[in-house]
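Shared between the two complexes below is chain A, which pairs with chain B and chain C, respectively.
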Partner chain A sequence: MRGVPVEPPRRLVEITVDGETVRVPEGSTILDACASLGKDIPTLCYGDTLTPKNACRVCVVEVEGARTLAPACSRKAEPGMVVGTDTERVRHSRKVVLELLASSVDLSTTPRAQEWIEEYGADPDRFGPDAERLDRPAKVDNDLYVRDYDKCILCYKCVDACGEQWQNTFAIAVAGRGFDATISTEFDAPLPDSACVYCGNCIEVCPTGALSFKTEYDMRQEGTWDESRQTQVTTICSYCGVGCNVTLHVQDNRIVKVTSPHDNPVTHGNLCIKGRFGFQHVQNLPAKEA
Partner chain B sequence: MKRRRSERYERLTHPLIREDGVLRRATWEEALDKAAEGFRRNIERHGPDAFCMLACARSTNELNYVAQKFTRVVIGNNNVDSCNRTCHAPSVAGLAAVFGSGGGTSSYEEVEHADVIVMWGSSAREAHPIFFQHVLKGIRNGARLIAVDPRRTSTAQWADLWLGINVGTDIPLANAVAREIIHAGLVNTTFVERATEGYEEFAAAVEPWTLEAAEKVTGVPADAIRELAHAYATADRAQLVWTLGITEHHNATDNVRALINLALLTGHVGRYGSGLAPLRGQNNVQGGGDMGAIPNRLPGFQDILDPEVRAKFEAAWGVPIQPRYGLNLTQMLEAMGDGRITTAYVIGENPVQSEADTLHTIKRMSMLDHLVVQDIFLTKTAQMADVVLPAAAAWCESEGTFTNSERRVQRVRKALNPPGEARDDIEIICEIARRLGHDWRYESAEEVWNELRSLSPIHRGMTYERLERLQGIQWPCYSEDTLEPPYLHGRLWETDPAKRGKPAPFAVLKHSPPVDTLTDEYPIRLTTGRRLDSYNTGVQSSGFDSPLRKGETIDLCPEDAERLGVREGEKVRITSRRASVVAPVRIDPGLRPGLAFMTFHFPDEVDTNSLTIEATCPVAGTAEYKAAAIRVEKLEPAQIR
Partner chain C sequence: MDIRFRDVEPTAEERAAVDAILGPAPSAWEGGERSERDLRVAVGGHAARERRHLLLPALHAVNDRVGWISEGALDYICRRLTIPPAEAYGVATFYSLFSTKPRPQAVLHVCTDIACQAKGADKVRAAVEERLGPPGLSWHPSPCLGLCERAPAALTLRAGETPSYTVYGPADPKTVAEAAEVDEPPAEKAVPQAGQDGLILLRRVGVVDPASLDDYRAYGGYAALRRAFELGPAGVIREVLDSGLVGRGGAAFPTGRKWQATASQPDRPKYLVCNADESEPGTFKDRVLMEGDPYALIEAMTIAGYAIGASRGYLYIRGEYPRALRRLEHAIATARARGFLGERILGHDFSFDIEIRRGAGAYICGEETAIFNSIEGRRGEPRSKPPFPVEKGLFGKPTVVNNVETLVNVPVILTMGAEAYKAIGTGGSTGPKLFCVSGTVRRPGVYELPFGATLRELIELAGGVPEGRTLRAVLLGGAAGAFVRGDELDIPLTFEGTRAAGATLGSGVVLVLDDSVELPGILVRIAEFFREESCGQCVPCRVGTVRQHEALNRLRANGRSPDGDIALLREVGRAMRDASICGLGQTAWNAIESAIDRLGVFNATQGVADGRENS
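Moving on to the complex of A and B:
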């Protein structure tokens, strides 16, 4: 009855990655094994606080003896597994995935996308000028955040974060089929008429910048958004007594964005509307001082 | 209903002093001299007891430590308190009386592994959303959620069972739950015999509270009470969570004791997964109390009446400490009214708008000879001050620590430079202390923290380096190489009586209905609370444009609205025995006939707290915000602007 329950010790599993052997706790993924070897595997739909969705296929690796390539983010390491992360087949697959995504979606704000496109020699223009693009206008329907679905790769992380994995608000889901599939509120209503509670936990997990703070969106439009001039400091939210850790992204002594550490025991990367967007009061200055 | 933008507060960027009745810009030297001179004048004239300090539940532990030290060392009394008085002081008082320490007994993570979660007078889905995510994890893991609340809140909507209790009948409900547990033979006799005292008297006292008797008083069907009793008592791990629905009553400490009784009866305390969790309303209201910014405790929650404790602090600080409790916030306001307190130092608090019965508070505060307010905004309280000192915002413009509802001390870090001439809180207090003959200099928040660690055993092991590395540490933490379990009071389960320590007492509690009685003239029960996107008096949350915000409303159930002949959005007059305000109607099917709801987030437009009653808990001093008697009247066409 006393004491803190601890999980039973986990066995270690030995696998080989690119010729190197590595031992990881049972239940770890190939991606975990790669991380412990310091290998840098590209990921888009993978979220460290979410259940893998296997949507983007950019993290695929070759498992010896398997017919198809395996997504590293969800495939568990099994004893004796021999994995190749940089084989010809893997490189080719990643190249095509990036070409297909970049030909139809705006990846300009996806961190590292350009770097991977170069690394894998992807040529998004090779489908020609007639290749279909999303070309949807950004939805700016409230003062807090913007939905620019032209940048959406349909990874479903926002749907999972809004739904049963974290927020349990269920304001968004996938609507439509095939190329017309899109993340949408009920009946495509503007956010203020939807179930959205503006926790911004969808922004926290969005890998492409399709969902962004209105501050970030406006600054990008003005050309003043400059991450090289930004600092990130983690402190504690000033609303209520739960003690959420907030990471303030500051540019020119102004808060421009708020995130939360994903490994934090209080928040697991989640915040509410006040923690995410309620910072403005500290920088409402008298006109002459602003 | 039209969405609205409310008035914004602008940051204070330079000091202000009152001259010829108006506040004018001043230099720091002028303002600090005047602040110190006023304190000195009043103390010379009336003695040290004429001073009181309101410390800030939103500022750091370090500021609260220095503020209480200022009161006890520079001034020489114990009149230091904060707005913990308006929310969870009864939780602290109740928990401390039973277990000897005033913190919640469990951790958020344990909620995820509980079998039954009872949320009593807590709408965490709106007021503590990220705590509620831990509850949701618990529900997804198979826990049953049971909600006790007069309103069918967004929290109750996640519950298996909602007990729609009449406002202010928590003790009858808890007593009936206890009686049912006893009669069904579900008492944890091992725990009761080993770790508690007063069981016989308690069992006898709850005997009249049959399910049927409780149904009559509480409005909760007998079957639902039985189900709550059986679910809670038979759970392997059960969490009992409460918020201000329990504590904002005239008999709030009794309410808290009523819930603690249930945990003692069933052994749901002192072990992993089972516990008592008051959710604190402000970012550092737990820490403020832990730091001794309350009138009856020294830092580390050490009792002022204990001579050994006083001796330790007297040795460290080099001054005698008054061997008696100081005044709490409620008593301070009374003392301002009758001239016993003539000067006040208010840091980051807005009592003019946060206290019940606003007009009365303004009248009392205006009788002060000298009021110094240190804040980030020119609040309504600051507008009454003789000296206004612009401060840095603790959470993002200073270094330090906050302590949250699970007793986790976490690092606060400076991300921004304060605007204009605003200065760090601790630096300002030290400037005033120096002008009053105490040469205080702290190089850093860490230096303050290390001084606190040397005096508070429960914080001793928490170096800044460890707080950083471990993402916060829960108290108690007695040494730099140990960590305690995430729950408190494991000692109660020890088989060795010596290790078990002082037994936890049951409380015999009487039902005491709300002071503001319902009559034909005032037939509707008004209860107050928070909404998701807003916060307290709105000073902080009005700073951003929330798409959810609709301004102040009076929420009525559809039946009452129909009876009054009013529609959604229509302005109505709301009158209590103290005041009358006008607000638009919002229809909420989660309310029941005879129950209305308002927030207090928009006091500049609708002063809800002019309606509420200043009937206070005699133990903890918290006012009965949750139960006012009102009538709602349709406005004649000519009265509608």
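Moving on to the complex of A and C:
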């Protein structure tokens, strides 16, 4: 326990959320205010380690006096704001956004998507059998991770993580426009020909499973991926002296993927290729296993 | 940042095109010859990154010279400007005038948008397709080219050492694909009132030589700038506030308030951006102003820069306006040479210059924050607001964005005085207004009327619909606007009058449709427009515009309303309006909603309904 506050206390802003009054530090978002009230707002493009891009619009809330709905993940709380998080207008937009997404993108590996679809009564099939989908083949062009953009909701998180917010490698960006927009390297070059350094920090933030370890992708293809049989253990990467935390996901005594805790004050979930993918040597087991 | 390039060499031609914009490469690091010195210098850092805004001009340079942008060319541009190739590729693929695949040097753009569709664009398209095969390389269907008074229109852009263009309007289905030289009529051909007494905004169009600064001055030019120097910056803002001028770009925001808010920001420098992206289907007034009276815009921008304390203005003009671009380039160079731009203008302690930025085929870049990203060399995606441009705009600095027509009103206000200006029009909508009349009228063109004239007066001025036809509907405000019925022509053409009627003036579009026009086809085209022009950033618009287009295609094919699709359109439309990031998604359903509710298109009993009976 620290005795002396390191920073001067921030001013508090008072707002009303669904009739309840809440005070949050200046600069907080509506989403922060909702969290402090224990309200569960759906989010997809929001990332706890990234600047909000507010692209998915599933988190929209109604702010009294505003012409349009506001994204809770990025709109700052202002004194006296009156916010509704579950009004008919809000529920309608969330429902339609989920329908639009689920009718165009494969959400099967997006955590909570199915739960929200049920909660908001979304019916993705209503657009009929001819509704255009992305229908993109998965890009399997290296041994470490797979880019299955048929599952991509274009949340921009991988681009931000690869670019100036974390990795500063800028291997990927959004290319094209509108419904045809996609995440791409220059001229859609295969990853091994691109600037990618395989830090996997894009996989860490991807909210849909569009980016996944090759191990996970292969096991899902084979039907052997089973999170209920997996354990997680967080340890320290042994490669260098930085001391990054790595969380090993283990199924049947084999490491199947590696993540990193987002609340680590130094690395915020980011790793390099060694911590992320350099785990093979610890499981070079005797021949009978192989 | 440690950028990796993929050693693909540019051709000599590509290198020359880029060097013509950026100068020769100073070192091997930027793709030039390797020298001893290269091993001992560091490049990059802030200075290099600050050149990012040259990306769009560099892409244009290659596209203009070769016709498309190869890997080698993109790589070379990235080395020169310290830009990650993946990002530059994302920018190049955002704009429809650029190609990252090989294609012929000449590309024909056939307008298939609403005004042209009302005048037989389908026939032109079919003829071109028959001759040139499926679209994609040598020709493309195009959104509105801003030539609606000459509908159906088409435009050939030809790459080469000296890029050239040919405008076809009205395009003859039989000859349009043959790239014969066609003389483009003078700008004033688009102004049926040209030369008449009483015009204010259009008074010089067709009267002065648009290339001549002396002509401009002989007809009152630069009197307003002198007046501005007398008034001082605060005095100019006061006049503009008092005049009641509101923006003519579509959002109708009070211009004086915008200027005042920017001028009072402590942050510096401040910027002025003139929005000449003019891509709202059916809009062509800014083109006529820029082609017919280019110095007026230069003077207006200078006054605006003086008032808000900016020393640099960007004129962002859409890529499909080659003639307006040339005239403005000439006017800026002349004004600079004669001391009307540059250091210490007319001997006053005020310096101001204008840089032209050319768009490359993206309606969304007319949105006031997307235009900043486009100028800065990023994808033209709107930013989320707040912060607003007056606080953080271009390059993160306080910025005023104004439409061409809005700005051109400013010299008028200063020369006639705010009081006299305010006496024109109505209490809520002051001054003269330009209307872009197109579709099935006898004399389409840009018309100037004081605010408050009725829709009927305007359409009569334009000669009404052809003999034997009845006026079925008028689209006010463009694709983002609303339809009104043929029996609602008494609507006063003011901001408040159209609002009260549940419509909008928008950018001044008055697209007239008689009973020869197949309305569902127009609606499908509007939906297609939004689908193709969505930047793709947010889900409601990126996918919603696709679902809207699909549903309208179904309704058009069925000819009447399976209730499911109308309900679906309403639900998707409501979410687009409520939850989209920017005005494109928020308005993508407006016109279609009004056609369903007001005109009764898709009314179950009638198929294509005549709205009168269903209102």
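Quick note on the criterion: the second predicted complex is superposed on the first by the 280 of 290 C-alpha atoms of A that agree within 3 Å, B and C clash if a C-alpha of one lies under 4 Å from a C-alpha of the other, contacts with A are read in each partner's own complex, and residues count from 1 in each chain.
Criterion: a contact is a pair of C-beta atoms (placed from the backbone, for glycine too) under 8 Å apart; a residue touches a chain by one contact, two chains touch by 3 or more.
Here the structure is a predicted model, which is why all the values come from computation and not from measurement.
When both complexes are superposed on chain A, chain B and chain C sit side by side without a clash.
Residue contacts after overlaying the shared chain place A:E164 against chain B and chain C alike. In the superposition on chain A, A:G176 contacts chain C only, with no contact to chain B. Using the contact criterion defined above for the overlaid structures, shared-chain residue A:S184 touches chain C, although it does not reach chain B.
Contacts of A:C244 after superposition: chain B is touched, whereas chain C is not reached.
Applying the stated contact rule after C-alpha superposition, one finds that A:A66 touches neither chain B nor chain C. Shared-chain residue A:L12: touches no atom of chain B or chain C.
By the touch criterion defined above, A:S93 reaches chain C but does not reach chain B.
Measuring only between alpha carbons, the smallest separation of chain B from chain C in this overlay is 5 Å.
Chain A residues in contact with chain B (one complex) as well as with chain C (other complex) are 164, 168.
Against chain C, in their complex, chain A makes its touches with residues 54-58, 60, 68-69, 71, 74, 89, 92-93, 95-97, 100-101, 103-104, 126-128, 130-132, 153-154, 163-164, 168-181, 184-187, 189, 193-195.
Residue ranges on chain A touching chain B, taken from their complex, read 1-5, 142-144, 164, 166-168, 191-192, 196-199, 231, 233-245, 248, 250, 253-255, 261, 263-268, 270-275, 277-286, 289. Interface residues of chain C, counted against chain A in their complex, comprise 1-4, 6, 71, 74-75, 84-90, 93-94, 96, 100, 362, 379, 384, 531-540, 542-547, 550-551, 554, 564, 568, 571-572, 574-575, 577-581, 586. Touching chain A in their complex are the following residues of chain B: 3, 8-11, 13, 58, 108-109, 113, 127-131, 133, 136, 140, 158, 271-272, 279-286, 376-377, 393-397, 402-406, 408, 410-417, 419-420, 471-472, 485-486, 490, 493, 532-533, 535, 539-548.
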